[in-house]
Amino acid sequence: MTPTLASSTPPMIEARGLGFARRDEGVFGPLDFALSGGGIGLIEGDNGSGKTTLLRVLAGLLRPSFGTARVLGAEPGSETAREGTATMGHLLGLKADLSALENLRIGMGLYGHKPTPGPFAMLTQVGLEGYADEPVRSLSAGQKKRVALARLALLPARLWLLDEPYANLDRHGINLVNDLLTAHAAAGGAALVTSHGAVSFHQGVTCTVRLAA
Amino acid sequence: MSAASLGGAFRTMLVRDLLLAWRRRGDAMLPVLYAIIVATLFPFALGPEHALLARIAGGVVLVTVLLAMLLALDNVFRGDLDDGALEQMLLAPQPLSLLLAARMLAYWLVTALPLLLVAPVLAYMLGLEPAAQPVLLLALLLATPLLALLGIVLTALTAGTRRSGMLLSLMLLPLAVPIVIFAAGAVGAAQQGLPWVAPLAWLAAALALALVLAPLACATALRIALDT
Amino acid sequence: MRSVETLRMDKFLAMGGFAQYVWPAYAAFFVILAGDVLATVVRRRRVLRELRGRLARQGTRRPRVSA
Amino acid sequence: MNAFKLWYHKLGSPPYFYVFAGYIQPWLWTIALLLAAVGLYGGLVLAPPDALQGDAFRIIFVHVPAAWMSLFVYGVMAVSAFVAVIWRPKMAEVLAMESAPIGAAFTLIALITGSLWGKPMWGTYWTWDARLTSELVLFFIYLGIIGLYHAFDDPRQGARAASFLAMIGAVNLPIVHYSVVWWNTLHQGTTVHYFGPSSIAPSMLWPLLLMTIAAKFYYGASLMGRSRVALLSLERGKDWVADEVRGDTAHG
Amino acid sequence: MSAASLGGAFRTMLVRDLLLAWRRRGDAMLPVLYAIIVATLFPFALGPEHALLARIAGGVVLVTVLLAMLLALDNVFRGDLDDGALEQMLLAPQPLSLLLAARMLAYWLVTALPLLLVAPVLAYMLGLEPAAQPVLLLALLLATPLLALLGIVLTALTAGTRRSGMLLSLMLLPLAVPIVIFAAGAVGAAQQGLPWVAPLAWLAAALALALVLAPLACATALRIALDT
Amino acid sequence: MTPTLASSTPPMIEARGLGFARRDEGVFGPLDFALSGGGIGLIEGDNGSGKTTLLRVLAGLLRPSFGTARVLGAEPGSETAREGTATMGHLLGLKADLSALENLRIGMGLYGHKPTPGPFAMLTQVGLEGYADEPVRSLSAGQKKRVALARLALLPARLWLLDEPYANLDRHGINLVNDLLTAHAAAGGAALVTSHGAVSFHQGVTCTVRLAA
């Protein structure tokens, strides 16, 4: 691991000696790193090195086995942490029977939030113009991923936790993710992104966590 | 967390669930059809003897409604779990119990309400005495939400597992025994012309308690089952 | 010619005519509890075998955490 | 108080509990077997046949201890389940989950011996009597808890989920019991009262008490054995387990 | 395609399914438990009156076993569909009907066989006359494979839809009615001391036919459902 | 589309005016292309351009709406075609409850085939040494993909249809896929591979099918 402290604002994620073990068998850690507003962090590692597991720990879906993690100054999974965090995992959490637009509305409703660009405009922005009323079931793998990206961008979250956001996306999609990340960081947000290194974010990475398999 | 945003989240969930049910309205009809068919099977299995059927009518309708609700229970979290929507719910800033309360209400509206509408028809077809009919309906009106609340808590406990609905039946049915006994007790008493208010009062008391506790218990159960 | 002991034994085993209920009941008691014990023994063996295998192949996997 | 606290924390630590359980297990076994041997001799040989039931009453010496244990074990399990859900110590999870199969075994024994006793007494192996029925429901609750535990990939998660179910079941048990009693009186009819407040003869009483205590010790012994295995598997990554496994291999 | 490789593929599938059932042996126990629990519910719903229960015992056991098998049916293709294993089966060079025959055999072995073992116990607890017991068992021995074959064909038809087991019940139960009628007819006749061979002979004939046709029909149904 | 005929051996895949439409709305086509033994074909296209759909048509899981396709000289989905084809899609078709090794054995059993390198050795080859007895459920996304690749390599198929074989894989995994493809082509086999262009096979591509979104 390479601990890198970016700026002087209080860190959005702070891990101290953080580690996770399944049945006392280590998956990753101990890790020390911090990520502040305006920064993009990469989690790099080979298949099975624990990238997904680390993100789930930070989201509060798994409890760390040792060490501590603070997310937005609170326990991972606490209300404060949840309120300011948005997560995108291997499973996108879209309802296949509802349309792309309805899915976005639900995502916003769960955060009690009505952003100004609006869900319809956002769909256009992610390249799904004309697919707003299409049920998600009948979208291709990459199109589903784009709906999830649109939802992410609509939520009022300062911190993004993204698991392989580039998978299944074409070249335009990859650029889209990079643009979203840049804009998010410019607005003072932070993002933690897993990647295999083949495709990933390169400009302005403020912190890299390397996991060993 | 403001009250408005709480209400908004509750509404979002409720609308979402009703919308999903509407998109799959064929599926939503099926518990009813299932109940009709099971109730129809009994005359075939027992022979068409009228007195016998009338004697068991109340009980058969109760058990049938219970089993139909049980079948639909299995899917309460299954879909949301498989596509990751449940995780999104867990990660949303709103209290989980609130979102689950909306889920419970939607489940009752979609599954139990149609069953309540056909139950009198089934009871009539099996020959239940007219005097006992309103009591049966009243019993079901109290028993179905109770079953729904209890059932969803248990379903939440099995959410992390990939088990079929069978495990759920094993867990739910022992806990449902008192509900069945009281509901059947009221109907039986009405059939014999005895007073039937007491068992229903018990059910009502249990329901009041469950309405308060079940969403909280369900949130706890879900967090345990998904290990958060 | 049967001895007194055998007769007494027969009488004991006959349980006053209730042998077919009494002895199965006792059998159930002891067989089920023995099954409980046996299950534990078998499980202990299996767990130890698994653990030994794990220990043996530990080199090829990630290191264990001792915390 | 401090001694107790120390003891509690020590026992709460898996390696210590493992050693402790291994130490007391043989003693529990010895006491259980001795008491059972004396109790059986007293019950099967010394006690005279019952005036009404003849020798059939001798089933009491296995039936009643098992029936009582089916409730007792549930009580122990429910308490550890409560602790497991609230404070999450590993030992409470282990004790709750390893109690469940033992409790289920005793419940099954009570059901089988009871129905074997029922045939000569009531003329049928099974009737829908209140006590019988609620014991059957208890058996299902045990099975549900065990089933839920095994439905999870991660045993600790399964233990917590099943503990939660055990707590719900504990609330439900008295309700079932009484509702079943009322149920029988609602439809009056075949209810017969089999269990009078019998003034039991001393020649029957002491073997029964011995068997009851023996069953408790058996429970302790079995629970210790089961918990030890569970700990080995749960703590498989820890050094003490590796040492234990190596030691075990060395011994044979 | 050599005979050896056909046999090998059949064995592979059968072993695979039994292995999966073994890995989830808790699940495999569940239909039995479900049947026991549903059968126990009836006395709760109807009251513990011995004569009444004895009268309906045969029918209740039949319906219960049917429902238990039905619940397990839902999972016959569900898992394979969700993880893409079904697609791999469709794309394998062996005839699909052969693979499906293995699937059917495994399903009967895992689900129905344990039910056959507990059915007499349930019948006894409900108080069925001893004379009717072997007839009930025989009826189940013929009815369960028939239901399994029929059920799996229908399950295959619904495989493409993401519907719950409900649609299945809806389709299966009308088809199961004749089976229930014949089986219940035999048991009822035995209860009344009448000859009971004829209805069972009908069941046996239907079974022989289904054994030959069901795998082929199932393969066709699956291809239709998955649009290949 | 760019029809490219590679060598002179009879083609393993031959598409003539092949197209697919859902409810009379075109998804792709008409396409003309051929792929022969020893060749690797790429299907390129943006998200939603119909790559997955094309592969499913060739596997015989969907019926073409117009035009014809021949796979190994037969109808797609016929016994001849199935016997010589192995497919890997978005869904891997692994049973989560069975171990990696058991999954490979089942795959081989379905093709009635006992290859000499053997499933155990193959797992080592794809970088899963020590995971043979692990249930697939507890593998990471990339590890699952590797099991599917091992199965692919074990089957006696001359033609491979691979949908996004690179997704979820790390750098070693990507090299592994490339090595497998090279070896397969060298042994006279052919493969059709979808890709977004970001990561893909580059050496010795004999045919490229470009789909327009």
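Which chain is which? They are A, B, C, D, E and F, in the order written, and residues in each are numbered from 1.
The criterion applied here is as follows: contacts are C-beta pairs under 8 Å (C-beta built on N, C-alpha and C of every residue); 3 or more make two chains touch, one makes a residue touch a chain.
Because the structure is a prediction, the values reported are computed rather than measured.
Novice: Please report the minimal path length, in steps, between subunit A and subunit E on the chain touch graph.
Specialist: Each step joins two touching chains, and the minimum needed here is 2.
Novice: What's the chain with its C-alpha centre farthest out from subunit A?
Specialist: The chain lying farthest from subunit A is C.
Novice: Taking all residue numbers at the subunit B to subunit E contact, is the shared part over half or under half, that is, same or different?
Specialist: Over half of the interface numbering overlaps between copies: same.
Novice: Take the average of all CA coordinates in subunit D, do the same for subunit E, and state the distance between these two points in whole angstrom.
Specialist: Centre separation, subunit D to subunit E: 35 Å.
Novice: Rounded to a whole Å, what is the gap between the Cα centroids of subunit A and subunit F?
Specialist: 30
Novice: Can you check how far apart subunit B and subunit E are, centre to centre, with Cα atoms defining each centre and the answer in Å?
Specialist: 26
Novice: Residues touching two or more other chains, restricted to subunit E: which are they?
Specialist: Each of 24, 26, 30, 33, 37, 40, 44, 47, 82 in subunit E touches at least two other chains.
Novice: Among the residues of subunit F, which are close enough to touch at least two other chains?
Specialist: Subunit F, residues with two or more chain partners: 90, 96.
Novice: Mind pulling the subunit C residues that touch 2 or more other chains?
Specialist: Subunit C, residues with two or more chain partners: 64-65.
Novice: Mind listing the subunit D positions that touch subunit C in their complex?
Specialist: 44-45, 49, 54-56, 58-59, 62-63, 66, 101-102, 105, 108-109, 112-113, 116-117, 119-120, 218, 222, 225-226, 228-229, 232-233, 236-239, 241-242, 245-246, 248-249
Novice: Contact residues on subunit A for subunit D in the complex?
Specialist: Counting only subunit A, the residues touching subunit D are 21-26.
Novice: Can you check the complex and tell me which residues of subunit B touch subunit D?
Specialist: Contacts found on subunit B: 153-154, 157-158, 160-163, 167, 170-171, 173-175, 177-178, 181-182, 185, 188-189, 199, 217, 220-221, 224-225, 227.
Novice: For a test of understanding, state which residues of subunit A touch subunit B in their complex under the given definition.
Specialist: Interface residues on the subunit A side: 59-63, 77, 79, 82-83, 85-87, 89-98, 102, 105-107, 109-112, 135.
Novice: Can you name the residues of subunit B that touch subunit E in the complex?
Specialist: The contact residues of subunit B facing subunit E are 24, 26-27, 30-31, 33-34, 37-38, 40-42, 44-47, 52, 55-56, 58-60, 62-63, 66-67, 71-72, 74-75, 82, 163-167, 169-170, 173-174, 177, 180-181, 184, 188.
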